[in-house]
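Chain naming follows the written order as A, B and C, and within any one chain the residues start at number 1.
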Amino acid sequence: MTTEAARRLTRSTLFHLVSMALAIAFLFPLLWALLNSFKSKSEANQQPPTWFPHSLSIANYRSLAGFDQGIGTYLTNSVLLAVLTVIGSVVVCVLGGYGFARFAFRGRTLLFAATLGILMVPYATILLPLYIVLGHLGLQNSLIGLALVLVMFQLPFGIYLMRNSFESVPRELEEAALVDGASSFGAMRHVSLRIVLPGVVTVALFSFLTSWNEYLAPLIFLNDGSKYTLPVMLVNIRYASYNIIDFGALQAGVVVAMMPCLLVYLLLQRFYVSGLVTGALRG
Amino acid sequence: MSLTTTRAGAEAPATGATARRSRGSAARRPFTGLLFVTPTAVIVAGLFLVPLAILVSMSFMDWPLLGTPQFDGLDNYRHLAHDNQFIGAITFTLLYTAITTVVLFAVAFVLVAVSNSPRRGARFYRTAFFLPYVVGTAAASTMWWVDSSDRLGIFNQALQAVHLTDKPVGFLDTPGKALFSVITLVTWKFVGFQMVVLLVGVQSIPGELYEAARVDGASTMQRLRYITLPGIKPTLALLTVLSVTGSLLAFDQFYVLTHGGPDNSTMTVVLALYNKAFQSYRLGDAAAEAVVLLVALILLNFVQLRLLRTKED
Amino acid sequence: MAINRWRLPVIGVVVALTVAACGGGGSKTSSSSNPDDGTQLTMWVRSATDQFSQRLVDAYNSSHKNHVALTIIPNDNYLTKVGAAAGSKSLPDILASDVVYSPNYTKQGLFQDISADVKALPFYPSIAQSHLKVASYDGKIYAVPHKLDSSVLFYNKDLFKQAGLDPEKAPANFTEMLADARKITALGHGITGFDLAGSCGGCGVYTLFPYAWAAGEQVLSDDGKKVMINTPAFKSIFTMYKQMSDEKLVDSSDKAQDGSTWPANFEAGKVGILPLGSPIVGDLLKQTKFKWGVAPLMAPDGSGTSTFIGGDVAGISATSKHRAQAWDFLKWTLEDNAQVEIIAKNGDLPGRTDLSGNKYTAADPRTKLIADGLKNGHTPFALPFGDLFNNPNGPWVATIRAALYGPGVDQALADGQSKIQAGLDAAN
């Protein structure tokens, strides 16, 4: 082996050692939650904790099934909320982003600034006024009302991203369609929308993550235990009857809550990066 | 957390949105444009501006949970000036923002170096660094709460296994350790996003520039100094704005992990006003604090944008 | 809320609120003959009482036409949830509350006055007076006991035996407590003699106040306007706790213990003496790892005993439109059958003194000891109690931490006294 090759090998080994150490550090809490969730009840609550399960058990998942309303209810609600939020965010952001990118109208700058302003309001403090408004709209204690609130919080990111994405599509592409008699909406749908698809996927991904993971908003805006979502269940396990916590069930709950996010992200990963490239970071 | 950052994800108006204001967009009928943005306008008005107006009006009232709100002028704002906890929270939040911004950038650069490598496995590493970002706050903080426990936590086990310590660390025992723990959690959870954004910025720099520099015999450091850094300047600006706004509004990470303790040493502004609203039920005072914070953020962002814009020119 | 109309923004909302608020709280007692008429009722409880409340609700639903829908809300966010709901008039029909927080709710007008109904009950005199007192304001009763619990000392008899102590003799004063804790800690293997929660205001209230009460001190005046913690009893209490901490007779994690995992070490069989309360009895009865005993919390010199009567109260919310039906549920929970066959049977304390000798509670000497101790117990009253004492950012937690880990007992108590008093003055 030449010295050059040897040096290359050393550097490569060093690179992978460092990178692997970092990767393990990042993945470790996720993996440990997964391992813990399959421990037996007594092992999961053992102190000090064990590294690997001595025996595999699904007892922790079984106790989730019977927790309060049962995990089925919470899962269903979470899925429903996610579907509503994703559809709502995508529709509003695609239309709005296109409107901001392609048209001039009175109040355009003002509306855009107001949309971005959503970022600057401390979330926790706007909850009460929002709740009052939802009450007057008859949307309290409803997944639809909650989804609308979550869509609202998605707007700054989504509108900004979609506007930039549409702006990056050459106008000439659409003009051909317009000349052929298509409406503005038709031109957008048939021509530009395909090109900005990565941006749309990114908006959908982010709104999915937000709605799936949001804790405070469902807790505040929903009043029926039977409408609560997974994160509320998780916190309820943590604050169970006088601090007698079932740590195994807690970790199983963590796994159920995070798995869909991990899977959806891994599936959509490639869209996500290119969506950011065209949408958020041009220039 | 996730919400703050996703919301923060849009905060990029600095980098050219205004510079590239669309050419001749007036060409099409404005009415059609209004139709497209109507859903946005309805939601922004109904669910943001109206609640915001209520919040502002609350700040001028003595607002009981039930019963009639009473106009009390500037009383709430006067209380605020004498509220030591609020003033302490401002100091702490600024400190936290400064540290977090620096740490996030430092770690993100290392991660970019790894995941931008042409070597095999770089893609895997990149995914690994990003995954904590997609795990929700409730799940992530619950995980960390268990992991950092002295009794049941694996972090102490791990540290003892490699002989870094021989007894439980007590991750939330002292103000210093509590702040360290929160920053570690925040870094673990959010640095992946920072890394991806930086990565996109780095990769958008034309490769020919590096080729030319290499031909000219520039060192790695020189290439970094004269090509990479200038090339990602807009990205850095965007990330700074994001990180500063997100950190100034920090809430969840402290609420879940430290509750502002020990000894109120990790009390952030938003945590303080959340407590005021929902622990003490002093809704008017809390609204006044929220309004002050909002105005401060608008001013700060305005100044930041101005500074960044002049630099670009 | 069935009738909701979209009104003009901002001013409309404010005006509407005002109007609604003026009209609120005035609902009259329904005079309908039978309140069990198939009404749908809603009830909120905090997660600390989840299974307890669920058992009551299930039993009521299966024997009545009315249906109570129970919503369990995480302890930590209960105040937030109630605050937000009250602000927009969407409170449930029946609202439970940690008993010490209830004065805050009664003052804010969240409950309806149920004095007449409560006083008409045949067993009115034997309803836990400590709870009724705290749930009353200006002579009116706003809530009744939902769940009763009581703080006591638990000890691990197996560890006592191993350490050469008499497992039938629980510590009866502070000197014995320290001596026992030292011997048990000396066993090693991660076993500690004692356990305390160094970052938990509620835990401190629950287990420290009784030592002072037992010594004849008052802690809070009856009207809740004066606090008295810079006293000889509190000096002894905190001096003893500081010794426990300084001599490492407690686990290192106790310093950051916010109450959320407090009983875990004792339940794992690793703690000799744990001051806590009746809620963990059910769990302890189920486990077979070790034998355990119960003793009352005592004065520093052992001259008396006392207990903190904690738990939850439940009332009818000011905005409920089903007052009669909600009362039907509350009344039912206080009657003999529910108190004995549901509550006592599961190892919990009945909310009525005349039932403390029921067959389930009397069957185990330990539960009987706890029930009998209630007569020496107190529930403190102060309008901002939760804000001053339970709040993790409040002055009481600061007092505990300053005494144990900060500048020392004397200064901590002096500072705490003035800060807590200032908080009381501001609220009254």
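Details
Note that in this section a contact is a pair of C-beta atoms (placed from the backbone, for glycine too) under 8 Å apart; a residue touches a chain by one contact, two chains touch by 3 or more.
Quantities reported herein were computed from a predicted structural model and do not represent experimental measurements.
Arrangement of the chains shown, judged by which pairs touch: all-to-all, with no pair of chains left without contact.
By C-beta pair count, the most extensively touching chains are A-B. With centres defined as mean CA coordinates, subunit C is found 38 Å away from subunit A. Averaged C-alpha coordinates give centres for subunit A and subunit B that are 16 Å from one another. Multi-chain contact residues of subunit B (touching two or more other chains) are listed as 46, 50, 54, 151-152, 274, 277, 283. Shown for subunit A are the residues in touch with two or more other chains, namely 45-47, 128, 132-133, 137, 235, 238.
The set of subunit C residues that touch two or more partner chains comprises 13, 17, 80, 83-84, 87, 89, 261, 264-265. In the complex of the two chains, the subunit A residues touching subunit C come out as 45-47, 68, 127-128, 131-138, 140-141, 216, 219-220, 223-226, 232, 235-236, 238-245. On subunit A, the positions that touch subunit B within their shared complex are 12, 15-16, 18-20, 22-23, 26-30, 32-33, 45-49, 51, 91-93, 95-96, 98-106, 108, 111, 114-126, 128-130, 132-133, 137, 148-149, 151-161, 164, 167, 184, 206, 209-210, 212-215, 230-231, 234-235, 238, 247, 250-251, 253-254, 257-258, 261-262, 264-266, 269, 273, 276-277, 280-283. For subunit B in complex with subunit A, the touching residues are 2-4, 6-13, 15-17, 19-20, 22, 25-26, 28-41, 43-44, 46-52, 54-55, 58, 110-111, 114, 117, 119, 121-122, 124-125, 127-132, 134-140, 142-147, 151-154, 156-158, 188, 192, 196-197, 200-201, 204, 234-235, 238, 245, 249, 251, 269-270, 273-274, 277, 283, 286-287, 289-290, 293-294, 297-298, 301.
Subunit B makes touch with subunit C in their complex at residues 45-46, 50, 53-54, 57, 64-69, 85, 149-152, 167-168, 170-173, 259-264, 267, 274-275, 277-281, 283.
Residues 9-10, 13-14, 17-18, 21-22, 24-25, 79-80, 83-84, 86-87, 89, 104, 108-110, 199, 251-253, 255-256, 258, 261, 264-265, 318-319, 384, 386-387, 391-393, 397-398, 401, 406 of subunit C are the ones that touch subunit B when the two sit in their complex.
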